[in-house]
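There are two complexes below, and they share chain A, which is joined by chain B in the first and by chain C in the second.
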Partner chain A sequence: MYSFTRANKKSFFAEDTKLWLIFISAVSALMILFASFLFIEALFYKSDIKELKTQIIDNNKKIEDFTKKIDFIKQEKQLYTKISVNNELLKDGVKNLLDLIPDPITLTNIKIEKKSLYIYGVTPTKEVYNVLLLPPLKSIFTTTTTHFYQMENGWYRFESVNILKEEQ
Partner chain B sequence: MFRLIQHFIKETLISFYFEKDSYKVQKRVVKHGNILSQEEFSFNEDELKNFINSCYIENTQTYVSTIIDTFNQGCVDSCTHSKYKALGINLDNIKILCLKDYSIFIGLYELNNFQKEMKKFKVDYIFSPYLMIDMNKKQTPNSLYMFYSDSFMIIVIYEDGYKPKYSNIYQFKLEEENEIEEEDSIDDEIGEIDDIDDLVEDIDEIESLDDTLEDSLDDSIEESLEDMDDLESENIQEDITDVKNEIESIEFIKNSIKDYYENYSDNFLENAYLFYHDKISNKFVESIENEIILDITDEKLDILSIINDLALKEINV
Partner chain C sequence: MKLKIPKIPKIEMFGIDIIKNMLFFTLFVVVFLILLGILVAPSIKMFKLQKREYYITKRQADKIETHLEDKTYEYQKLYKENRKVIFALKREFDKDNFKMFTKKYMDILSIKDKNISVYNKNFIKKTYIVSAKLNTPTDFYQFVDMSKNYKNILKIYFPIVFKAKNGDIKLIYKLEHFKVK
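On to the complex of A and B.
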């Protein structure tokens, strides 16, 4: 140290330069802020995209599930329709069958299976049965077998087994 | 960080001192200690202010330096306060500048006044003129150094070629001063007059020297007057001042050496150096040689460069 005094404080920059530097710094700061904002936004978008992708995958799965369910429901519907049709047909068949029963003959029991029909009843005579009921049964079923049992009053209890065989 | 930046920037160093009727100025541009350019000017006060302002506008790293030539300053061969107290120097009124193991001091009052005065020039560094000698001292023992300028004269004596043993400063009286004042040697009178007896003794000795002094003064004046005949009328006043200063200088040197021998050392002076920065007459050198009975080696100092060198050292501290 050689001087009796210390140097006055020196600025590295002139006043004009300082103003420019402040301006440039401010602009740079704003740009950095804006870039940061964009960067953060991009990050958010990226996370949103991830979420959306996951959602899409989930939705695709759901769609698959729903498609399966729809298919199942369609099958159920078809089945239901088929059953309904069958029921209708059966109903019609029963109705037709009942229509076939002539007045002198009285039915005591009817058992309907898929390919067979069992009829139990009472007829005044075998001829009544053979003339009035047997021909329509024969026209419908492939095989028709009837057993008669004479009752005390002279009437006949009958048991008719009708089987429908599928055509080959 | 600051050092790193400083490595890449230019510094403008301005040194100046007042001489006669103008300011001598040196502008030096340095970068990392290397001088890029150096110019010297002579300005009046307003020109100097404008010049410094323009330098600041050009480069904010501008350092302005000058020297202070007030009489209340000196050297002490120690930095310790006890040494100052032993010399009877009041520590409250001075500022000490320690240079390794010796020091330079200055009166605070004078320093503060000078600082106020220099504020208009935005001065950063104020150096003591003693540094002009200290920066140029030789390794020779028992050497007397004199630094002669237009406004003051300094004497420093080095016994060991390293630490100043004795110092004294003398400000030349201005022409306007009608009354002749006694020489002030408060600053560096390392051995002040201790009591009345010493004072009386000193006065007797001074009186005994009067005859010799008068003779030498007369001779010098006569010689100077002879020279004056050849001068142009416009330079007469200036030359009269020079002669007056030279006469006062010789008296000051004589008194200082006497003081040194009486109060500081018994070793005889073996070498004498006279530094100056403007011009010096051979007759003046011869007159001193006759008085001190020693051959003088005179050397011109580039004060402005030395000030800027010191400023550069200060910046790099």
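On to the complex of A and C.
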């Protein structure tokens, strides 16, 4: 049979079916894209967290190092201060002891130790020594022992041993 | 026996197949819910969790960073203030240099090594016995005063002996040199 009209191309899907399929595919694609975007962002955050954690560990280590260094400098400073104070006290101590010696008495030797003082010298009389030097020595030291040796000119050579007890 | 599937009645309104469209709509809702449940919701959850953790970690990192900056500043300040002491504690004791330094106050006759010991775990203490000649005790006081400006950390210690000798004073004292271990 022969037809005067040309046959229309018939689609596998109807028009409305095609529209639905395109719509569902587009929405699905958008949702997949959105989920992927969030997933990638989350991965970036995860990587940043890892980096931050490494940074925290490094910085904590640095803080620990600095704390050690600071403590050490403080120790050094403390040592310096202690030595300076010690030297100052030693100087004042020696100065005060030598200032104790009255003019008529001449020293030949003086040995200063941490807890004791040995004085060797010459005094015109025992009284000069006993009045001018002995009282201040007695007020400082726990025990004071003095030996006198008469010289040819009548003066006295003396040896004074002064001890400070531990408690003081 | 032949199984006969009941045919879905075709209901049309203005040429639109209502049943078919309703089925597609249902399919859309199902696909939407499945994707939402399987992909989008877990992604949002994961994203939110990571974001929250990131900001917590960031806050912690910032806090530690500030603490580190404070410590660095404190260290630099302390180092600057105590530069002289830090360097002095690193130097070796030079006998000749010490003799030169004390020349103004006394003539050093000898410096004898006595012993070496560890002081406070981190320092080394070297002890010397110094024998010198000076004119007056004042020179000794001035020397002690000036020793704090010397390039080493020195402690002058007991026993100290002053001995009159031919119009001069012979001085013997213990000298301790401190150095970082």
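Assume the second predicted complex is superposed on the first by the 85 of 168 C-alpha atoms of A that agree within 3 Å, B and C clash if a C-alpha of one lies under 4 Å from a C-alpha of the other, contacts with A are read in each partner's own complex, and residues count from 1 in each chain.
In the analysis below, a residue touches a chain if its C-beta (ideal position, glycine included) is under 8 Å from a C-beta of that chain, and two chains touch if they have at least 3 such contacts.
These numbers were taken from a predicted model, which means no experiment stands behind them.
J.: Could you look at A:Ala26 and tell me whether it touches chain B, chain C, both or neither (first, second, both, neither)?
T.: neither
J.: Now for A:Ser3: first (chain B), second (chain C), both, or neither, which partner does it touch?
T.: first
J.: For A:Met151, select first, second, both or neither according to whether it touches chain B, chain C, the two together, or no partner.
T.: Neither: A:Met151 stays clear of chain B and chain C.
J.: In the superposed model, does chain B or chain C contact more residues of chain A?
T.: Ranking chain B and chain C by residues of chain A touched puts C first.
J.: Can A:Tyr80 be said to touch chain B (first), chain C (second), both, or neither?
T.: Second partner only.
J.: Which partner does A:Ser11 reach: the first (chain B), the second (chain C), both, or neither?
T.: first
J.: If we overlay the two complexes on their shared chain A, which of chain B and chain C does A:Phe66 touch? Say first, second, both or neither.
T.: Second partner only, chain C.
J.: Taking the complex as given, what residues does chain B use to touch chain A?
T.: Residues 5, 9, 57, 60-63, 65, 68, 95, 97-99, 106, 111, 115, 122-128, 131, 310-311, 313-315, 317 of chain B touch chain A in their complex.
J.: With touch defined as at the start, can you tell me which chain C residues reach chain A in the complex?
T.: Result: residues 16-17, 20-21, 24, 27-28, 31-32, 35-36, 39-40, 43-44, 46-47, 49-51, 53-54, 57-58, 60-61, 64-65, 67-68, 71-72, 74-75, 78-79, 82, 85-86, 88-89, 120, 122-123, 137, 140-141, 144-145, 147-148, 153-164, 178, 180 of chain C touch chain A.
J.: In the complex, go through chain A and note every residue touching chain C.
T.: Listed in rising order, the residues are 16-17, 20, 23-24, 27-28, 31-32, 34-36, 38-39, 41-42, 45-46, 48-49, 52-53, 55-56, 59-60, 62-63, 66-67, 69-70, 72-77, 79-80, 83-84, 86-88, 90-91, 94-95, 98, 106-114.
J.: Which residues of chain A touch chain B in the complex?
T.: Spelled out, the residues of chain A in touch with chain B are 1-8, 10-14.
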